[in-house]
Each structure stands twice: as C-alpha cells, then as structure tokens.
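Just below sit the structures, each encoded as structure tokens.
Heads up, the next two complexes both have subunit A, just with different partners, subunit B and then subunit C.
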Partner chain A sequence: MAETHSVIGTKNKKGQTYTDTWKMMNEAPRTPSFYTGSEVIKEAIRRASCDVMIAYPITPQSEAAALIGELFAEGYIGDYFRGESEFAVMSQCAGAAFGGARVFTTTAGPGTMRAMENFPMWAGARLPIQMIVTCRGINSPLSIQPDTLEIAYLLNTGMLVWHAETAQDFFDWILKGYMVSEEPDVHLPLALCCDGFFVTHTKDVVNLTPADMCLPPYDPYRSPVPCMDMECPPVRMMRDPFVMKSNYISYATHASWQQEIWAAVERSRKHSIKWLNGLIDAENTDAEIMIVASGTAVSQGREAIRLLEDEGVRCGLVKVKTLRPWPEEEIREATKNAKHIFVPEFNVTGWLAKEIKATIPNHHRVHAGPHVCGGMTMPPEIIVSEIKTALGMKTFSLAGRGS
Partner chain B sequence: MIKKRLNIRMSGLGGQGAVTAAHVMAMAANRDGKFSISNPFFGAEKRMAPAESYCRIGIERIYDRGELVFPDVIEVFHPQVITMGKSYTMPFYSGIKEGGVVIINSAQPLLSEEDIQRLKDLNVATFYIAGTELAIEIAGTELSTNMTMIGSVAGITKCVSMEALDGALQERFGKKFVASGGTASLDEAIKKKFAKKEMLLQKNLATVKRAYEIASEWAEKNHVELRVGNPAVAA
Partner chain C sequence: MSQYRVLPGPEHFLPPAAASMGIYLPNPGEAHINGVIVPEDKAYEEAAKQFLMAKVPTIFPGPLVLWAWNEKAAKKATAVRHLYNTLKECVQPGQKPMLIPMPDYRPKYPKINPEVEINPNHPNLTIWHNKIDCCMFIGVHCHQANLSLKIIRGGTSCYTIAMCAQAGHEDAMLSFRDASVEKIMKLADWVRKLKGTVQPRLTSAKSGASN
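On to the complex of A and B.
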C-alpha cells in the first residue's frame, strides 16, 4: 500500500501500533483463544481502528454491541452511541461515514429489515460501512433463532455480502473486510453475515492477532466521492435529487450510477480474492457428489461428509465465502465433475440454491436442500439422509426430536 | 463405550445456569487438550422458561453446532423439564443415543413406567442427583445447582478433569465477564451471595467436586462406562 504520509509503525492513544494489514493478518503471531463469537467480534473491533460504532441492541446481537460499548469505555473507539431504532442507527452510520469516519455496526433479523432502506443508500453514496448481520428469523411468529432468510434481501442492495462459517472467519473478515471495502475502486459497504447463535453464542477456538497491533486508520481522501460534500457530482443528491427527474441528465446520471455501483462490486472481486484467499474454498472437486453451502451449513456439511465417508460415499465440498461478489466462475469450475449438487440451507426459500441454479450448466444437478428454518438446527444426519435418498440408497428413518 | 465425541444436552430453565455450565465444560475440555464447542439455545431471556445448552467434546475438530438432536448425555437441570414439559422436545429424552446417560436433578424419581421402559430398551442409564439440595448444603445457594450438573457429567464420563474445571471456573468467574444484560445481572446476584469472589470460586468448586464424587461412585457401582477417546486404540 503506497501511502505518502504513512502512520505505519506509529502508536495510537491506546499504545497499539498501526500495522500494515497484510503483515498483521498473515505474518504476525496468533494466540489461540477460547471465545464466543460475540467476544471475537469485540476482539476484532479492538484491532480495527474504528472511529464510530452505533448500536441498537436487537437480540441476539446484543452481546457484541454491549461488548463493543466496553471497548469504547476503554478508549478503543472514537465514538459510540445508541440509536432509537435500527432505521435510525443505519441513517446515523451514513452520517458518520459521510463525515469520513470508519464505521461499524451490528444488526439482526427484523432489525435488518427495518433498516433496509438505508442499505442501497449506503451503496449509492459509496460509504464503506461495515455491518455485522447475525442472522435470525424475520417472520412472524417471532423467532430469535438463526435463519438466513434476511441475507436474500441484502443481495441486491449493492453492498458487498460475505457469509462467515465460524468465529475465526469473523475475526479475520472483519479486519480484512475494511481493506476491501475501503479500496478507492470499491468503496462500498460490507454486510458481514453469520448465522446467529451458531457463531455468536458458540464458544470455539479462535486464533487472534496481537492486541497491540491495529489497522491503519481509514483515509477518507481515498474515497471516490468527496466526503461530506453532497453538492458535488456524482452524488449531488441533496439539492438536486435525481428523483426530481428534472431533465435527461438526471435520468442518465441515475442509470449510470447504478451501473457504477455494480461495477464497483465486480471490482471488489480481485481484492476479495487476495484477502480471503479466493471467493470459495473447494475440497475433493473430483467427487461425483458435492455439497455447496455458505455459513453454518458448511460446518454441518463437513460433519455429513465425515459420516458419508464412514459408509464409503465420497462427497466434495464448496464453501461459498462471498455472495456479493458472486463467485460464478469458481462455482462452475468446482462443480463441473459433480453429478449431484446438494445445497443445505438454513432458510425456507433456498436462495443459495437458486443462485447456483442460475450459475451452472445442467442445473437439474442441483438438489435444493435439506432446508431447516425458523431457527431449527440442521443435524448432519439429515444432510446424509437427503443425499442417500437422492442416490437411491437405503436410509433409516431418523428418530428425531418429537418422535 | 468409548466414543470419538461426546454430545451433551443440558435442559434447564432460564436462570439456572445451563448456558454457563455448557461453556464451563467446553472451556475445561479445551484446557485438557480436547476439542470442544458449546452453545446455548433459548428464547427471549426470562426466568423459568425452557433454556438449553449443548456441549460437544471430542478427539478431532468439531464442526457441528446448534441444537443437539442426537445426544449421548442429557442433563435435566429442573424437574419441570420433565413434569411440565419445559423442554424443546417431548419427551425430554427424544433423540438420545443407545448406551447414553440421563442425569436428572431431583430428589425423587420423576419418570413414568413408559419412560423407564423406553430408556431401558435403548440401554440408557438414569442417574438422579439431588443437585439443588446439594448446592444449598455446600455453597449455601441454589444458584450453584449448575455446579452439581457439571460435576455429575464429569464424574460419570470423565470427559474433563477436575484440574481443568478448576481453571475454567476461575476463567469464567474470576474476571469481569459480560454475556448479556440478563447474565450480567445474574452474575451480580450470585456475587452478592458471597462475601468475596474467592469464596464463590471455592464453594462452587467444592460443589462440583462433591457431585463428581457421588456420580463417579454411582457409575462405578452400576458399570456405566461412557468415555471420550479413540475407539480404534481402545479396541
């Protein structure tokens, strides 16, 4: 990273050393720690040189928001306050980002839905805000358990959308996420999603970078849109909003700007590949049976693959890390040998399977399922059962809960 | 029976510390060099509503998470889990694996004839412990009931060592720990019961130890053997 007035090597007020992010993430020593996902979010933000966090503690994200409040009390975050609703929080995040701050927030489920109007606005205004989405059920009857339906609504907002499998992904991707989001040729918000409870409330081993190293601060002058200058094209939306449709130029500007947002999503591809080591992880792609999944469904898939191995059935795995940008080429290549592609999902509609079907040739190979929803768990046994049934193998009925 | 992984389901009521118990067990297993994962499942935080937590302990990396549908061990923290159906399943032992163990916190037997027969058919052993009474006797508060549940499962399965439990308890209660508003206020409530934090640690540990001994003795007497290890090496 070429910076003319580099702060690398200098210390912040907490005594942390601003460190080259690539070195911090890839070369610095790591300490294994046994933490919940929420504690891991706190530890990542401790190292993220965040200027502002705005919180509306909707459950189950309350732990992360509360823990980051502690970080603020300790002096690690520039400013921290609570909004009166999720909509207010996301609007306030925009204000902070317009002012040139590195902004962090968290939400979940109905909160995400309530704040939805802001997300295309963030993308359109090219604000590199990072929002943690700890997915939970959105429909009535109310549920606070994990369900990934809300991700489907985020896919067309123009935000980058990543789906973490584990707390380790979370720790690394929060920090790396800012690097991708803040690139001048990207400069878009990131929705970093995980399945609530399965990541946030689960204690697992996570390897942390040193606490005395932190990200270089956000440089708002790398923004393609001048900060706090709503009068300056191309986002002159306050005084002369395109919604007025005053003349052909405003039509054309709006249309081209939408294309530019999605071009920026595409341009994030090369940075995401570099930082995440590829948009997907693929294992045993020569197998005839593949599981393609994102989030916790990947973990459950890994366990199912172990169970299938015990029965002599070989099954490969694709872990989809980024949903936007969508890893079209990568998925096509990784599934080219597969005769059966199973897409386990923690939602009722199967949005990931639909994306995959729209991507690969011979999409009849895709078995959309198994699905669980409304906060239910997906035992690996039901993935095994789905696969064996599709292959015409004998399966035993699962004496599950409630039988 | 020696298994590569031991899956423990803890069914309790909100406020009893089932979530904490699973976390402490997983932290202890991690200290012992085993692989472990723990996670809770509950609705809006409220006392006496069903709350479950799950602890998985094994000899290889664990990916599986979420509700434990097919557990090896079920711990019932409160009689109402059984008598009032305050469980995420009906009956509370749905999904238990053959050769498993059910641990119930109750001074009296609670199972119906049908339950007893079904568990017997699955070769599942049932261990009753008067955990709340034990907690009141040793720690002076029913809030230490979860310690008797930790001691029971550790005593029967030996899946974590007493040293590791000691360390995990210190890690959990020895420093400031914020989980959520509800948990924080419960932590405060229990701390007020003891003059000093050290006393809390000491009394909790004593409660774990006593339950461990009682459970250990029961397992030996009844030839209940459920262990975490490598079955191939054992055979």
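On to the complex of A and C.
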C-alpha cells in the first residue's frame, strides 16, 4: 500500500550498502572473527540499520548496551540514550516504534521483570521492537549469574521468543529477527534470549557478514496499525478506550484484538521457518533416547550425547530455536520414536519440559531434567548420569564425598 | 492441512482466529477461499459471483484509500469507485450495492451512524443495520481489518472479502493479497463478465440483518 521506493543497492551515510537481506545472510562472504557475545551483538546492530537504541545498565547485558553506544558515536544508529529504568526504557522503545522507528534494546533478569508491563503492550500495539534478553537470576537473594527463569514470564506476552544457543545464532538471528517481526502479517516484538555470561562473556569464532552491507530500512507504512495516530487505538490508550466500556461489543472487540495478537504469532511460523531453516534442529530422531533443549543446554546435551556414544548408548537431539511460535508439530514428529525424552534446563521450574509435556502424546516419556540454576554450570556428565539412571544403568555420583 | 473452513457466521460466541485454526495466508499469485489456497484467478471469479449473488453487496474502503496520502492511494480510490459503479451497473432490480467508508478507527459506540460509516470495533452494527450480506474490505490497516472480519464472522452471516495490499486475511471468507489498481480493475472486469449469469439471493432468508 505504501509508496515504497527500493533502496537496495544504495548507500547509507556510513557508506554501507542496503542489501537484500536474503542475499546478505545466505550468499555474502563471511569472515571468521573471534568475539565475545556482547561484541557480536554490536556487530549485528552495526549491520541492522537501527534507528533507535535505548539502554539501561544491568548485568550481563551492560557491555552490549555500552558497545552499541559506541556505534551511535560512530554514526551507525539514529539515536541512542539511557532511560531512567528498565520500565522507562521499554516505554520509550514503544514511543520510538509508534513513531515508525526500527528499535533495539537489551535487558536481563530483574530488568526484564521490572519492564514486564510493557511487553504485552508492545505486542498488543503490534510494535516490532527487538529486545535482547541475556538471561540471569531474577529472585532474591541477588544473583547475576546465568538462569533462564525469566523466559517463562515472556512466553505469554504475545511477543515472539527465540532462544539462541551460540554467539553465531545471536549474530544471525538479530538480523533475521527483524525480517520476521517486521512482516506486516506478523509485526510483533521479538525477545531474542540467550543464557547470560555463557554466551555474552565468552569468546567464540563467529562468521560475520561484510561490514559494508546492512539491512534495508524499516518501512513503517507496511504496519498493520496506523503509525502514531493519536486518535485511534492502539496509540490512544486511555481516553475513552473501548476496554473501559462495559458492554458486549467492547468486550468482543478486546477479545478479538487479543486473538489477533496470537494469530500474528502463528503467522510468524512461516517466516521463521524460512529464515531460521526450521523452528528446530533435530539429529538422530530414530533414537529411543532424545534430549530436547534450548539455549546453551543444547551444547551441553550435544556433549552428553558424545559421552554416551562412547558407552554405546545412542541418543538423539532436538534444538528448540523458537519458543514462540512454539514448534508443536516439529517436536511431536522429532520425538515420535523416543521412549525417553530428557529436557536439561538452566532454571528451577523446568518450563521447557512443561511445554513439551503439553505438546506430545504419552508425556510420561518426558524426564524433566537435569536442572541447574542460580548460575550453576551444567556439566554434560550430569545429563549422562540422569539418562543412565533412568535407563537403569550404573552411574556415578558427580558431586559425592568420595568413598 | 487444516480441516477448519472460514465460512459465513454467525460462528460462535467468540469465534477463533482462523490463523489459530491452522489456516495459512496465500503466497504471491495465490488467494484463499474459505481458508483453502487457490490460484488468484479463481478468486476473482468467486468474488464477482458473491457480489452478484448478494442482496446488498458492499465495499468498505478504509483510510489507506480514502485519503490521498500518495499517488497510488488516489489511483486506488478511483479504481474502487469504478468497481462500485460497475457493481451498480451489473446488479439486478432489488439488489442494492453500497459504498460505506471506514474513515478511521476511533471507537464510536454507541453513537455511530451505521448508515454512513463502519468502524472496526463494532462492524456488526453496520452489517445489521444495512442488511449487508456480502462485503469487501480495501485500504484498511491489516490489524483493524482482522478485528472487523472476525467480529463480522462471529455475529453475522455476511460473506466477507478482503482486497489486502499486504499478505491477506485468513479471517475473510475470500482474500486477495498484494492489492493493486490492476487487481481492483480486474475484479470489476469479472463482475461485468458475469453480469446476468448469477442468480441473486433476493428472496433468501440468509441476511446479515437476521442474525
């Protein structure tokens, strides 16, 4: 509908060429680089044609937020400032997105929780903001260490929620994430999560796209809601809103509005499959034992599978890439041959195992664990031990007093 | 493939969003009829047939074509007017084509005049009041169109068509995507082509007003 002019092939003020995203991500040469996850976030945003980044310090995302400040100083981002709190940041992100900007922010742990009211608002207002969540502990007593409990709270906000395993995922998914969330039939915010410190503060080899290529700019005229129309919902929030009327029609409107948000999550499925090459990665799906995991628990699961193979135990792996949209059919298909499904997680409640149990038939097959939390690491040996115990095999105590 | 079909209502106290029932949007060059993906050409014929069968075939133009905010919008508005005029020329006595605008999305109940405008928050009022049994949305922002289409499916028996400039609408009974001036004109051509070949439902009890 918009009077759009293709900018592909033209240069921005930094001399980067606006490039067809598919070509940039899939065909352009890649340069191996040795970076921390935080530096990778910076490098992705350098190429993301972001208009606005709003920051607030909270470990472990502070470094990434500061590095993006350097990008602003270098002229790669239209505007950058620090909010008064995480709640303020997320509200200010909404304002910028309402105005038609491509918006980026980062948060973690208690910051995610403090800003929580904004996330269903973002989704309801159909704002395609991208938020990096570098997960850490959220409860008292204080912990800044890795823990993925905060993801559980994001799952029902109406946002897209993806869980990166590696810094390479992070680099690619930041850029691809905008392509999915800005589709007019989706147009939802994306919470791109990773396990704090494990991904943000460790160095890894990441294959980067050329720094002189960048995403095409966001086109707000494709938005499914009017851009900054102060008289109409969703911008018009409080003056005579239909949510405050007490009659069937106003209730039906709000119900339909909510349904539309979740319909948009469903529509993201098609685009996510295209850009991420599927909502899951699966290996050895004919095995009777499967590990299903997301985030860095996938890496630990992969190592556990190698250890088990040394002992003659064959095990398959499902890497869950998107939590919203939830890969229901994919997980059902990938686990159909499994007699035992193990779900290692870096949180105390086991939210991923609960999601899987609600998805597959014969959910007694799901072993919710092993769990670690509060910053504990998950040695692959404890996954091995959990599996061997369930199979009735002899195992050893990983943290025993010795005998 | 989902067994769910997007059919005229009234469907349910709160009908599900069709996307949540496994209905997918068409790819470029395609359309959907009742949630089933079809070649776009088939959808022109079906849309024209539905218009010519209806007692009160109605076009609902939204802000994206009502306001001349760019050259393309102005051309589309002209094409919509052409489609409306074509409908008037092609219907039989007793049929009453209408063109009712959706100028904005402000909630207006309970004071809306459903005779002269439609609003996405309570589109059923306009359907009921004017006894509309077939309608087409064009130039309505996608989110607002989806709200309307679902509420109409929930509370009326009106057949809904979406001429969408973006990816289309699962909650319409028939949806085009990537709407352009050419596509609107092509639909008008199909209406003219089918003139006199379709029996209107003049005596049918199937009316939006009855629900």
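To be clear about the criterion, the second predicted complex is superposed on the first by the 384 of 403 C-alpha atoms of A that agree within 3 Å, B and C clash if a C-alpha of one lies under 4 Å from a C-alpha of the other, contacts with A are read in each partner's own complex, and residues count from 1 in each chain.
Assume a residue touches a chain if its C-beta (ideal position, glycine included) is under 8 Å from a C-beta of that chain, and two chains touch if they have at least 3 such contacts.
Just so it is clear, the structure is predicted and the values come from calculations on it, not from any experiment.
Superposition model on subunit A: subunit B and subunit C are shown accommodated side by side without a clash. In the superposition on chain A, A:E117 makes contact with neither subunit B nor subunit C. On the chain A superposition, the C-alpha centres give an angle at subunit A of 170° between subunit B and subunit C, rounded to a multiple of 10. Of the two partner chains placed by superposition, A:E27 touches none, neither subunit B nor subunit C. In the superposition on chain A, contact is made by A:H201 with subunit B only, not with subunit C.
Contacts of A:S299 after superposition on the shared chain: subunit B is touched, whereas subunit C is not. Using the contact criterion defined above for the overlaid structures, shared-chain residue A:T377 touches subunit B, although it does not reach subunit C. Minimum Cα-Cα distance between subunit B and subunit C in the superposed model: 36 Å. Looking at subunit A, you'll find no residue that touches subunit B in one structure and subunit C in the other. The touching residues of subunit A, counted against subunit B in their complex, run 34, 36, 59, 62-63, 66-67, 70, 144-146, 197-198, 201-205, 296, 298-300, 302-303, 376-381, 399-403.
Across the complex, subunit C meets subunit A through its residues 14, 16-20, 24-25, 63-64, 70-73, 104-107, 109-110, 121-122, 124-125, 139, 141-144, 146-147, 150-151, 154-155, 165-168, 170-171, 179. Residues 23, 26-27, 30, 36-41, 43-45, 63-70, 88-90, 94-95, 178-181 of subunit B are the ones touching subunit A in the complex. Per the touch definition, subunit A reaches subunit C in the complex via residues 1-3, 126, 183-185, 187, 222-226, 229, 231-233, 236, 240-242, 245, 247, 249-250, 252-253, 255-257, 259-260, 262-264, 266-267, 270.
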